[in-house]
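In the two assemblies presented below, chain A is common to both, partnered first by chain B and then by chain C.
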Partner chain A sequence: MKEDKLVIGNHEFDSRFILGSGKYSLDLIDAAVKHAGAQIITLALRRTTTDDAANILDYIPEGITLLPNTSGARTAEEAVRIAKLSRELGCGDFVKVEVIHDSKYLLPDNYETIKATEMLAKEGFIVMPYMYPDLNAARDLVNAGASAIMPLGAPIGSNKGLCTKDFIQILIDEIDLPIIVDAGIGKPSQACEAMEMGAAAVMANTAIATAGDIPAMAGAFKHAIEAGRTAYLAGLGRVIEKGGSASSPLTGFLKN
Partner chain B sequence: MTVNGEAKKLSGDSVVLADFLVQEGYKQGRIAVEHNGRIVPKGEYGQVVLSDSDTLEVVTFVGGG
Partner chain C sequence: MSERIDEHTDHMKYTDDMQAIDHDIMDRVIAEMDAYDADVYTAADVKAALAAEECSVENFKALLSPAALPFLEEIAQKAQKETRKHFGNSVMLFTPLYIANYCENYCIYCGFNCHNKIKRAKLNAQEIEKEMKTIAETGLEEILILTGESPKNSSVEYIGEACKIARKYFKVVGLEVYPMDSKDYAYLHECGADFVTVFQETYNSDKYKTLHLGGRKRIFPYRFNAQERAIMGGIRGVGFAALLGLDDFRKDALATGMHAYLLQRKYPHAEIAFSCPRLRPIINNDKINPKDVHEPQLLQIICAYRIFMPFASITISSRECARFRDNIIQIAATKISAGVNVGIGGHTGEEKGDEQFEIDDGRGVDEIYQMIEKNGMQPVMSDYIYV
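Take a look at the complex of A and B:
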C-alpha cells in the first residue's frame, strides 16, 4: 500500500489520532501520547500564576505538534486574540478555533467560527475550526481558508459517540478538506466507525481522561483508528438489505 | 496596575516589563504577555515601561481538548 499521510496545511502526519490534554494529570501525558502514537496534541490558554506550578509544555514529548485551542472565546474577536497569544508562545501556527457561548450544551457558534477562521487564515495561521456539522457552514469554512474541518460527534465531554453521524458523512462526501471528528467520541469502536466512514482523523480527550487506565485507553483508540482507516482504504463489503448470501458453497454436504 | 484581573502595586517609577516579570517570578519561556490589549513580542519586554494605570494579561498553556 502506498504511503497514507494525513496532510494539514502542508504538514504531513502518520498518526490520525489527535489527543487532547485536558482533565488528566500532567504525569500521564507522556505515556498517553506514546500509547496513542499521537503526533498532534491540543492545549488551552489561560492566565498563569507565579508559583512554581509545573508547566504542561515540560511534559509533552519532543517532536509533537501543538494544537492550541481558542476555548473560552465567545466571539470571533476573542478567538483571534487567544490564537495570537498562543502563537506568541512560540509553538507554531496551528490553531483549533472554538467559539462557544452556550454553556449547557457547549455547542459551537458556526457563524462566529467562520468569521474567526477567515481572520486567522489571513494572518497565516493553519486553522482547524471546531464546528457543528452543517454543510453550508463547512463550505463557508473552506472559503474562509480553513485547513481542516472538525465537526462534533456529540456535545463536548459527553462520550455519547457519533450522534451526528449522517451529517458528518455528508461533510466527508462533499468537502475537499480533511474532516476530523472532534468531541463526543467516547469509545474506540466509535472512533473506528468514524474512520470507516472516511474521516481523516479523530480527536479525543474526555474518553481517555475519564477512562480507568488512561495510557491503555489511549492505546485502544490508536488501534481502533488504525483499524478504521485500513477498513476505509480497503473498501467495506456491501450490505444486503433483505435475505442472505452464503459464504460457503451452495451445494449440500457430500452432494454435487 | 491590574495583572490578570487583580490589583497590583508597582515597586517604583519606570519599572520595565522584563524586570517586573522576574520580580513576580513568572517563567519567562512559558508565557505570553498582553499589555493594555497589545501582545508584547518577547524581544520588547526590556522596552515596555509600566505604569499604575496599565493592564497586563500573563497567559500560559494548560491542558485542554
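Take a look at the complex of A and C:
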C-alpha cells in the first residue's frame, strides 16, 4: 500500500492531528507530541511573552513544525503584520490565517481571509486559512495561493462538533487542497467522523487541554483520527452512505 | 476653555466642547432599566434561564432578580461551564498603575473628589518609567494606567506619554482615565493603548446627578457614550461597570449588561469587559454603606454577566478579599489584579499621592500566580498582540 502522507506546501507529515492554540501548557504540548503523535503545533503569537521570542522555540520539541496563527487580527492587513512578525521571530514560513472581527462567536471573515491569504502567499508563506466553509470562498482561497483550507466545524468554544458537516463535505469533494477541520471538535468521535468524511487532518486543543487525563485524551484522539482515516481509505463509509443496493428497480427494464 | 460645570448644570446636556454622538444605545439601555421590575420574576423564570442555551435579555433579568438567589449554586455551575468553554483554564493577570490623582470632579462618594483634602500628585515621565520597570520585573505583561479625572493636570498628551513608556515594558496597555473624544482615543491608541474602561457608576441619571455635583463627569451622556467613542477611535476593547451599591444594584447590573450587549451588536469586533466594583471605605468618608451588595449578590451579578455574555472578560478587583477572588476566578471571572498599589508612586518607594480607596487583597504577583496554579488554573500574562 502506498504511504499515506499529509502534504502541505511540499512538506510531508505522517500525523493527521494538529494541536491548536488556545490553552497552552508544557504538559499539553508534551502529550500532543508523545501520545497524539502531533507533528504540527499551532502557536498564537499573542500568547507569547515580550522577551520570550527565543522561548517559543524552546517550548517546542525538535522535529515539530510550528504553525503560527494570526489570532488577534481583525483585518487582512493586521494578519499580514502578525505573520511577518512571527517569521521575524524565527517561527518559519507556515502561517495559519485567522481574521476575526466578531468578538461574540469568533467567526472568521472569509473576505478578509482571502485578501490576507493572497498577500501572504505572495510573500512566500505556506498559508493555511481558517474559514467559514463556503465553497466560493474556498475556491478563492485556492486561487489566492492557499496550501490547505481549514473550515470550522462549529464556533470556537461551542463544543458543538461538526455543525457544518454537509458544507465541509462539499469542500472535501470539490477542493483539491487538504481540508483540515478546525474548531468545534470536542470529542474523539467527532474527529473520527471528520476523517471518515475525507478530511485530511483535524485540529483540536480545548478537548485535550481540559480533559481530566491529558495524555489519555491525546491518545484517544490519535486512535480516533487513525480509525477515521483508515475507514475513509477503505471506502466503507462511502458505500454505506451512498447506497449499496445491487438491484436497479428503475433501469432494470433496459436489460430486457 | 471648557465651561464651568456645577450642580446647577443640566447633567443630560452635552457642553459645547464635547463630542456628541447618537444616543440609540443609551435610550434603549435606559428604557430597559426603567421597565425592569426585578420582583416580578419567579423561580420558574430562573429555571428557564438556567435551561436556556442562549441567554436572552429576559433570562438575564431573571438571573439578576431576587428569585435567583436560592439558585446561586446552579447559577454558579452554569457560569463556570460557560467560562470553561470560552476561556478554558486561563486566568489573566494585570496590575493597575495610578500615575496621577488630580481630579476636577465632585463625586460625593469618591476619595479623589476635588473637595477632598488629600495629597495630590502626578508622576513625571521618569517616575512613570521607574514604576513600570519595577512592575515589569514581577513578570506582568499587562498594565492598566489610571489617573484622576483632570484633563488640565493629566492631559491627553501626558497620558499618551505614559502609554508610550508602557509599550516598552508591557504587551497590553489599558486605560481607566476620564472620558474623551474619539480623536483623543485614536491618539492614545497610536501611543499603544488598546483597552478603555469607564465606570458609569450608576445608570440611574436622576441618582447620578445627585452624586456628581461638579466637573465634566456630571454630564451623564458624555460618560455613557465613552466606550462607543473609544471604539470609533480604534480602541480594540472596552470595559463597563456600575459601582454597585450606589443605587439599585439590580437595575445597575442590568443596565451595565445591556450597555455592553448593545454596543457589541453595533460594533461586533469590539471586545467586551466587565468590572464589578462595590463601594468600599474611602479616606475622609466612612459613612457610606455598601447598601445591600453582599458577597452572594456580588456572585449573582458576576455569574449573570458571564451567562449573558459568555465571551466577555470579567475582572475581579483587589477591593474584594482573597477568599472571594480565589473562588470567583474558578467560576466566572477571567482577569485578576496582582501586586496592587493604588497610591501614586507606591511601587518604587514613598507614595507621592494618596490612595483612592483601600484594597483588601494585597498579595503580590508571585502569590497570585501560585494561587491560580494551585487551583488547577493557568495564569496567563498576555493574550493580545498590538497591531
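Simple rule for what comes next: the second predicted complex is superposed on the first by the 222 of 256 C-alpha atoms of A that agree within 3 Å, B and C clash if a C-alpha of one lies under 4 Å from a C-alpha of the other, contacts with A are read in each partner's own complex, and residues count from 1 in each chain.
In this section, a contact is a pair of C-beta atoms (placed from the backbone, for glycine too) under 8 Å apart; a residue touches a chain by one contact, two chains touch by 3 or more.
It should be emphasised that the depicted structure is a prediction, and the values quoted were computed from it without experimental measurement.
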Touched partner set for A:Arg74, first chain B, second chain C, both or neither: second
Partner chain(s) touched by A:Thr206 [first = chain B, second = chain C, both, neither]: both
First, second, both or neither for A:Pro129, with chain B first and chain C second: neither
Contacts of A:Gly145 with chain B and chain C, given as first, second, both or neither: neither
Partner chain(s) touched by A:Pro215 [first = chain B, second = chain C, both, neither]: neither
Partner chain in contact with A:Leu89 - chain B first, chain C second, else both or neither: first
Partner chain in contact with A:Asn159 - chain B first, chain C second, else both or neither: second
First, second, both or neither for A:Thr42, with chain B first and chain C second: first
Chain B and chain C contact sites that coincide on chain A, given as residue numbers: 22-24, 44-48, 50, 81, 85, 157, 206
Contact set on chain A toward chain C in their complex: 22-25, 44-50, 72-74, 78, 81-82, 85, 100-104, 106, 157-159, 206, 209-210
Sites on chain B touched by chain A in the complex: 4-5, 24-27, 30-34, 39, 41-42, 57-65
Residue ranges of chain C in contact with chain A within the complex: 84-86, 88-90, 141, 169-171, 236, 264, 268-272, 309-311, 378, 380-385, 387
Residues on chain A engaged by chain B in the complex (per definition of touch): 20-24, 26, 29, 42-48, 50-51, 55-57, 66, 68-69, 71, 81, 84-86, 88-91, 156-157, 183, 203, 205-206
